[in-house]
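Going by the order they are written in, the chains are A, B and C; count residues from 1 in each one.
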Amino acid sequence: MADDDPPFPTQVAQRLAAESLIVDVDGFEGPLDLLLTLSRTQKVDLRKVSVLALSEQYLRFVDKATELRIELAADYLVMAAWLAFLKSKLLLPPDPQADGPSADDLAAHLAFQLERLEAMRDAAARLMARNRLGRDTFARGTSEDVTKLRKVTYSASLLDLMQGYARVRTRDEFRPYAFDRKDVFTMEQALDQMRSVIAFAGDWTDLVSYLPQGWTAERQRRRSATAATFAASLEMAKQGQIELRQSATFAPISIRKKP
Amino acid sequence: MSETVHPKAREKTLFKAPPIGEQERMVEAILFASAEPVTLKDMAERMPLGCDPAEAVAYLRKRYEGRGVNVVRVGEAFAIRTAPDLGFLMQKETVEQRKLSRAAIETLAIIAYHQPATRAEIEEIRGVAVSRGTIDLLLELDWIRFGRRKMTPGRPVTFIVTEAFLDHFSLETARDLPGLRDLRAAGLLDSRSMPGEEDPDGEEEPLLNDDGQSELFKE
Amino acid sequence: MSETVHPKAREKTLFKAPPIGEQERMVEAILFASAEPVTLKDMAERMPLGCDPAEAVAYLRKRYEGRGVNVVRVGEAFAIRTAPDLGFLMQKETVEQRKLSRAAIETLAIIAYHQPATRAEIEEIRGVAVSRGTIDLLLELDWIRFGRRKMTPGRPVTFIVTEAFLDHFSLETARDLPGLRDLRAAGLLDSRSMPGEEDPDGEEEPLLNDDGQSELFKE
């Protein structure tokens, strides 16, 4: 479809972008987007982008923002910290003893991320430029509904009828067994309860303190709540959300949020 | 395919009207996409200057002769419509065999065994309210009908079973409905009756005999 | 005209299927009557027994090549749509295109190209959290829907694009997405995560590549 953009807006856009970088953090869809914009100033193929230079640009940007007392969202700061780390790694000679990914691997991955984001952005633009239904192509204006003639025939046999009758005549005697759950605290409840408070528990806390209110006085309720809370804590530990600790058999169990 | 027009033909419209083949395409698209029949005037307004929609429509009409859809004239306007002989394609008939719901079966059974039965009586026996839909369905199936009003306060309507009911269940009269004792004797009321549900049947032997059986079915 | 079939032909359906020319007319009528794409299965259900809608559609498609309306394929279904070069005639019918946010457009593209895609994968690619509203909007437009849950811890839900998406963007299948092949060849559709870090969905590489993506993008 028609491309409304002027032929080569890049230079102007770049200059505007460079200026707006300083003031307009809101214009970016996150740190990766900002990095992508910064990388454009290097005017190179994204595959050859200098991650080191890019890191410096980003860190400068963050500094400037701080100077101007622009509040940066947390993820921009996280990225800054990571880039600072990457920059130092890139500048130092590789440490053969260090385990974990090398600085080059990390840099290569960042370049890949930028390239991938840009590719998706191009793909999105191409998608939106396609012939679109309701704008370029059109569906039938008067669709005829298919009239659905649904004939339902019901079947019932004499046996159904007699059994039905017998059923209602004998129903009074029958009371289905129902488990009385008044004093049962379920694991699901315990999970909900713990998930809502675990975020505030930074340090080791006795599991007992997680028992819900109103479930600690009566013995039966307390037992049910304890069992459910313990089971829930195991589940959360399995999911990697918390850590469990017990110093000796039958000693109090404490938990904390996984740091 | 010989009439296929070069798609770029319309770009010349500033200078002269597009070839008639192209105009035909335009009319085709307009008629297709419009919710209402379109007048020649409307078409002319939408098409490039110098077009002759009347002629284009005439060609298009010819092209669709004998096809699955036709160009038809509706008053002063034109529209594309399904060919009359293919109307059957616009209907989808499905026959669905459905099992009568448990509520309906029980209601029907109570009416059959207790007729004439009022709604209050049905509800008392079933222990739950009878929904309007259940009664309506049974009426619609023509398995029950209204009987005489009961001579009690409020003169409630009663329900009785119909000929069609007897017919469906191969019964001569409602009296032929087997009594509970017969059912039990035939082993129909033991606990294997309804798989998959809590089954009250057959457990409480003594209850089966008593009052439930109305006078109609005395042995 | 030559293929025009005697309208009573269908009455013989108990004995044999109508001639293919007649079947083509039927498919034509069915597709014209529907604003939504119609599957071959739906057509077969509505046509007389023994018909071969696939063949009939193939003929019909050919017949409408270059015309004002075309037969297009949409996923597993077919629809008639106005020719793209005639969109200018349709100002009246033009649907106001909702202005989508950049986040929504990118999220849509990521789902289309990476499907089935989890929220974590989308976030990994865009580098920011995906807001609930963005996903809701795309769901509401009926351009994406939930796919199968991923067999990774947490069993995250996945998103895939819908037939309405294909229809809207004139795509026959998700394989026809612009540039898909090049992106794949360049490795840009691989799910690669930061070295030494867990994958967005907490799984090791191999698992991400199997199930989902394969069936949609098999070549």
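Following the convention adopted for this analysis, a residue touches a chain if its C-beta (ideal position, glycine included) is under 8 Å from a C-beta of that chain, and two chains touch if they have at least 3 such contacts.
Predicted, not measured: the structure shown is a model, and the values here were computed from it.
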Greatest separation from chain B - chain, by CA centre: A
Innermost chain by mean C-alpha position: C
Between chain A and chain C, centroid-to-centroid distance (C-alpha), Å: 27
Whole-Å gap between the CA centroids of chain A and chain B: 45
For chain B paired with chain C, centre-to-centre distance based on mean C-alpha positions, whole Å: 31
Chain C: positions in contact with at least two other chains: 32-33, 46, 80, 82-83, 90, 93
Residue list for chain A, restricted to those that touch at least two other chains: 138-141, 144, 146
Chain B residues touching chain C - in the complex, by the definition given at the top: 1, 4-5, 7, 10, 24-30, 32-35, 46-47, 65-69, 80, 82-83, 85-86, 88-90, 92
Residue numbers on chain A that touch chain C, as the complex places them: 29-33, 75, 100-101, 105-106, 109, 112-113, 115-117, 119-124, 126-128, 130-141, 143-144, 146, 239
Residues of chain C that touch chain A when the two form their complex: 32-36, 46, 79-84, 87, 90, 93-95, 97, 100, 102-103, 105-106, 108-110, 112-113, 125-128, 153-154, 167-171, 177-179, 183, 186, 188, 192, 194-196
In the complex with chain B, residue positions of chain A that touch it: 138-142, 144-174, 176
